[in-house]
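In the two complexes below, subunit A is the common chain; its partner is subunit B in one and subunit C in the other.
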Partner chain A sequence: MTAHIYKNKKPIIFFLAPAFAFIIVFLYYPFIQNIINSFQEIAGLGSAAKGWQDPWYSNYTALLKDETMRIALKNTLIMLLVTVFGQVGIALLLSILTDRVSHGAKFFRVVYFFPIVISATALGLLFFLIVLYDKGMLNQLREFFGATKLVDFKSKPYALFTMMIPVMWQYVGFYFIILVTGLNNISSELYEAASIDGATPYQQVKYLSLPLLRNVICTCVVLAVTGSLKVFDLPWTLFPKGMSDTWLTGSYMFYQVFNANNVDYSSAIAVVIVFLGVVLSKLVNTIFKEKEY
Partner chain B sequence: MKKLLALLLTLTMVVSMAACTKKEDPATNTPGSSTDSPKATATTAPTAAPKKVTLNVTTTYAGNDGNAQNYQDAVANWEKSTGNKVNDSSSTSDETFKARVLADFETGSEPDVLFFFNGVDSNAFVQAGKVVSIDEIRQSYPDYASNMKDGMLGASPVDGKNYSVPVNGYWEGMFVNKEVCKAAGVQIPDANTTWDQFLETCQKIKDAGFAPIAVSLATVPHYWFEFSIYNFLSPSTHNVLPKNTTDTQGQAWVNGINDIKMLYEKGYFPENTLTGTDDETVQLFIDNKAAFLIDGSWKVGGIEGLTTDIDNFTVTYVPGKGDRKTTDIIGGLSSGYFISKKAWEDPDKRAAAVDFITSMTSDELVSKFAQVSATALKNGPTVDESKLSSLAKDGLKYVKGATGMASAVEDQVPRECRVPVFDGMPNLVTGKNDIAEAIQSVLDLTAAQ
Partner chain C sequence: MKTTTVKNKRKISIGQPIIYLLLSLWALTTIYPIVWVVLNSFKDRRYILKNSFSLPIGDIFTLSNYELAFRRVNILSAYKNSLIISTTVAVTVIIFAGLASYVLVRYEFRLKKLLYGLVIAGMMFPVYSTIIPVFRMEYSWGIVNTDKLYLSLLSCALPQIAGNLSFAIVVLMGYIKSLPIELEEAAYMEGCNIFQIFFRVIVPLTKPSFATVSIFSFLWSYNDLFTQMFFLRTKTQWTITNLLNQLTSQEGTNYGLMASAVTLVIIPILILYIFLQKYIIKGMTAGAVKG
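Right after this comes the complex of A and B.
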């Protein structure tokens, strides 16, 4: 129907062109340039390349030997699991529970969504005060319950946990809203019919809600996987410069360009991040292939 | 109808794009932004700003800096008297601040005026010609910085020219929490305390349940780095950059960092020294939980702002060993106000920037900011000692009693080249990384610059 309305395609192309040009100039061109940069020798941000690396792929061989990069990759993969199971998993649980309460559903939706509207930096500072060594909220609580020694929650082995909990908490609301919207789209008649047939609430969730939410969950998982590769702001606020070996691929890339001034090397890290993103999204799409209902 | 809709949409898009174009920074559209502008405006009378402008300014007068409030007051006064505005992005002086400023220059979003380090930290934007030399400014404004001794302005390592106007110099010393020392039953270190006596004192303080030394090795290891290697050198040799880790300076660097490692292993630093920020460890010192803190003269005001009992704090010499006397200190004039080329080429901002710096570096304000530290003022600072706190007076005595002074050697090393030692300090003291290798990396990176 719509295809026949616009027989003349020229206006469509006219309106699509600015966005297309924008994305070419500000996304694809920098991306291709970034790949080229990763093979070049660049003295500083904004400086012209001195020439090609010798050998041209030396940044990538250096990446293979870089222990910090190994730590960053390991932590990012842990972050990925935390994101998928923590963020999407908890959001799914909360959305199902909220969907089934008769009173206060709106209240819970606002409460769970609220962290999303707070900036990551503010959240970082909030958790910074919570885990502070001296006079932090957690240590004060511990002292209240009789603990005599302060715990440094930013040191190993707590550091990763301390970093990932706020990240997980921050985005639960985002996936929660997507999943709640998905649940709202399921016809209430199906639940009524299931109820008449004697299905328990658990059975209704298992045989109705979850199968019908499959495509929404799949979208959430893809977003979570790609998002976990880009996490930067909150961990950087809590653990600047990868303190206590809390490096993530995003924070290590930022550190290399803005602290170590190693622009070409950080370009190589950026390429690895994109490569991982593409491979992992493809993998997730294959595993959670969308179904037509 | 469809044609009308398409026409309306097109018109909306054209109008909105035109509106966006008009919103551009006036500076980019003014005739002064053309390349011939400096010559044109050079002939204009170098008096007040011809038009009210908003200056983008960044300094290190922020956070715990003792002059943060003085700076804000001075800016407010300047805004009131000139009608201009200041868009201030000042931040605590740390590696992140330096990185941010350098990145701003490299990406073309530099401030109009900046108070920044005049050593190698500024090399990148000086080399790129993105700041204006004082000689060039004086061609249009002959009285610019005329109240300062030119020889003390802090010439750039790039070409030996002066680019910045300093306000207050600095010294680095060891602040002491008297109450902690008293509770631990130890004497406050003085001009005669040796390094070995200092270690004994630290042990007693630790045994008494306090942290002997407040330091964040994770974020600000600079001061201990300076004094630790100074202990293996002297005022005349401290400021020489090593060629490798085996020459005299290189060995001093290795030995100095080994001393920091030894202090860490003995447990003389706070438990969170590898994860806490500088603010956190300073707070331990203020809260009577740590005895000593090495920091700069700017910390006098910082401590005054953080405590209600300033008499509980004093400043003394960092105990020395080898050729370095305990009374040999670190100090100098390492920062100043720069005007960026971008602001200079804007005829309105040029006058405002000159006026702003002239105001911020007046004898009166420099005296107010400097208090106990060095200045480049021809007439010297006017300090009313009756208005100084006991800590500030101790600071004056500290400088007067110094037998030798060397500037910080870190200023010889570009910021990004310090990374293996400064950012890597937690890994060096825990033995994860090799000290000599880290120093060699610093030297190699510096040489490659």
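Right after this comes the complex of A and C.
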């Protein structure tokens, strides 16, 4: 099958070496090293390991007892549910609606993508101004509608909400684009046939679009799950150092390295993040088993 | 176009206004906050807190926030650092990924499956799981935590390059696979060696995909606060995102300055996006669907 020109294999190494050197030195080696680090005792970021923990798994037993880690895990799981249902749900609704308009679909596609290209840090600062206690955009709006007391959106009962809404909002456009692409791939003859048979638009969506989109939706859910475990920038800007118990696993890991100087402990948190990611995406894949049509 | 005529049959005539209303409502949430912050960046702090919905005209209009942004927080040097890092990342990624994906597509060799597996799995690693050992490794090389600006910028770019390579290789491989092999055969007949074929035939043909990959790597690196916070420790090394992140703690209640800083960061990216949106959207979804 291979063309004659590609018989001589000697040049291969020159083409592959730079990329794979990078991937091995900066991804695979550190990944394994990180697992090893989590069982060791390391005094500071720059210092060599002093030896193994005693017992070797003690970072993990400490994690089990760590109250903040529990909060971070709980928040991360809530974030996961919010992102899966909120992002993919809203994106699905918007994409089905966009598929049914005759004009302006391109405009919505471009505009919905705005928050994704902007850095999450800038959005964090933007939302900082919006939820300001005395008095950001939201409190001014509430006042306009007659409220007399200011609400501190960054205090305890509201904080989680204030953190998750922007994160959810930011990535809707991303799943929207994937779903719209999926919808465009559905042959329009199917819709024609359905409408000739007297299917209402609602029935067309329920019995045609949704089943045919199943695999695309599955991709989106897996991405939303793994994405929600990576969230860091926006919450960290809006709620630095886990203010009002808004810890996420990622931000708690960062805190443990730089503010608490627990390098090995923080490596253990990173291992937990990876573990969660693998387990959860496996879980989603079994729930949504891909089907062939 | 054929599709538009067919599409018209799919529309629901009664529901159309409601559909447009719903779609526009969401569009409002993605547009208005940006407009709001831009407008408020031209106002003094007390107007932001009093009537942030008014237009900055007449007495309210001021440029002092921008003056502060350039004078006090040194936004230009942060821009420069960001550009150096992100350009380095984008350029290195397309060169290395281009070389590797060409060979992975066109050659048959023993380790091919394994290497491809390494690339795919490489897309799954969250940055958290590699960053501490990378920092320690670079520390032992003496390129991180130093007062040398360019070494520090390099220390931040290196892991970002590795983080983007897998995605880039997957996207480029998909594109190179679709190129007709006959052109390469013709070039070979003309006496080109493999390097000439790559640089004179493959690279020019793959330009659109290179564009997607480089824009995407650039944006990803430019926006990545986590890695930048890890590797850039002193003020002179800060990038745009470092600077934004520090504003709330350093400038306390200077909301006008924050609004102008956000505007200065958002606007160039949005302009870039509007001109290059075709490539950006393609890159985002290509990486996602294949991954």
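We adopt the following convention: the second predicted complex is superposed on the first by the 272 of 293 C-alpha atoms of A that agree within 3 Å, B and C clash if a C-alpha of one lies under 4 Å from a C-alpha of the other, contacts with A are read in each partner's own complex, and residues count from 1 in each chain.
Note that in this section a residue touches a chain if its C-beta (ideal position, glycine included) is under 8 Å from a C-beta of that chain, and two chains touch if they have at least 3 such contacts.
Quantities reported herein were computed from a predicted structural model and do not represent experimental measurements.
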| item | value |
| --- | --- |
| Clash or fit, subunit B versus subunit C on superposed subunit A | clash |
| Partner chain in contact with A:Ala19 - subunit B first, subunit C second, else both or neither | second |
| Touched partner set for A:Asn261, first subunit B, second subunit C, both or neither | first |
| When both partners are placed on the shared chain, which of subunit B and subunit C touches more of subunit A | C |
| First (subunit B), second (subunit C), both or neither touched by A:Ser119 | second |
| First, second, both or neither for A:Tyr133, with subunit B first and subunit C second | first |
| Which superposed partner A:Thr219 touches (first subunit B, second subunit C, both, neither) | second |
| Partner chain in contact with A:Thr286 - subunit B first, subunit C second, else both or neither | neither |
| Which of subunit B and subunit C A:Ser244 touches, first, second, both or neither | first |
| First (subunit B), second (subunit C), both or neither touched by A:Lys154 | first |
| Part of subunit B, among the options 6-14, 204-212 or 438-446, whose backbone runs into subunit C after overlay | 6-14 |
| Subunit A positions touched by subunit B in one structure and by subunit C in the second | 11, 14-15, 18, 45-46, 132, 134-135, 240, 258 |
| Subunit A partner contacts - residues on subunit B that touch it in the complex | 6, 9-10, 13, 95-96, 99-100, 102-103, 106-108, 124, 218-219, 270-272, 274-276, 280, 283-284, 287, 289, 415-416, 419, 423, 426 |
| Contact set on subunit C toward subunit A in their complex | 3-4, 6-12, 15-16, 19-20, 22-23, 26-27, 29-31, 33-34, 36-37, 40, 48-53, 95-97, 99-100, 102-104, 106-109, 115, 118-119, 122, 124-137, 139, 145, 158-159, 161-163, 165-166, 169, 181, 184-185, 188, 194-195, 197-198, 219, 222-226, 229-230, 240-241, 244-245, 247-249, 255, 258-259, 261-262, 265-266, 269-270, 272-274, 277, 280-281, 284-285, 288-289, 291 |
| Subunit A - residues contacting subunit B, complex | 11, 14-15, 18, 44-47, 132-135, 150, 152, 154-155, 159, 240-241, 243-244, 258-262 |
| Contact set on subunit A toward subunit C in their complex | 1-6, 8-9, 11-12, 14-16, 18-20, 22-31, 33-34, 37, 45-46, 90, 93-94, 97-102, 104, 107-122, 124-126, 128-130, 132, 134-137, 140, 169, 172-174, 177-178, 181, 188, 191-192, 195, 201, 219, 223, 226, 229-230, 232-233, 236-237, 240, 249-250, 253-254, 257-258, 263, 266-267, 269-271, 273-274, 277 |
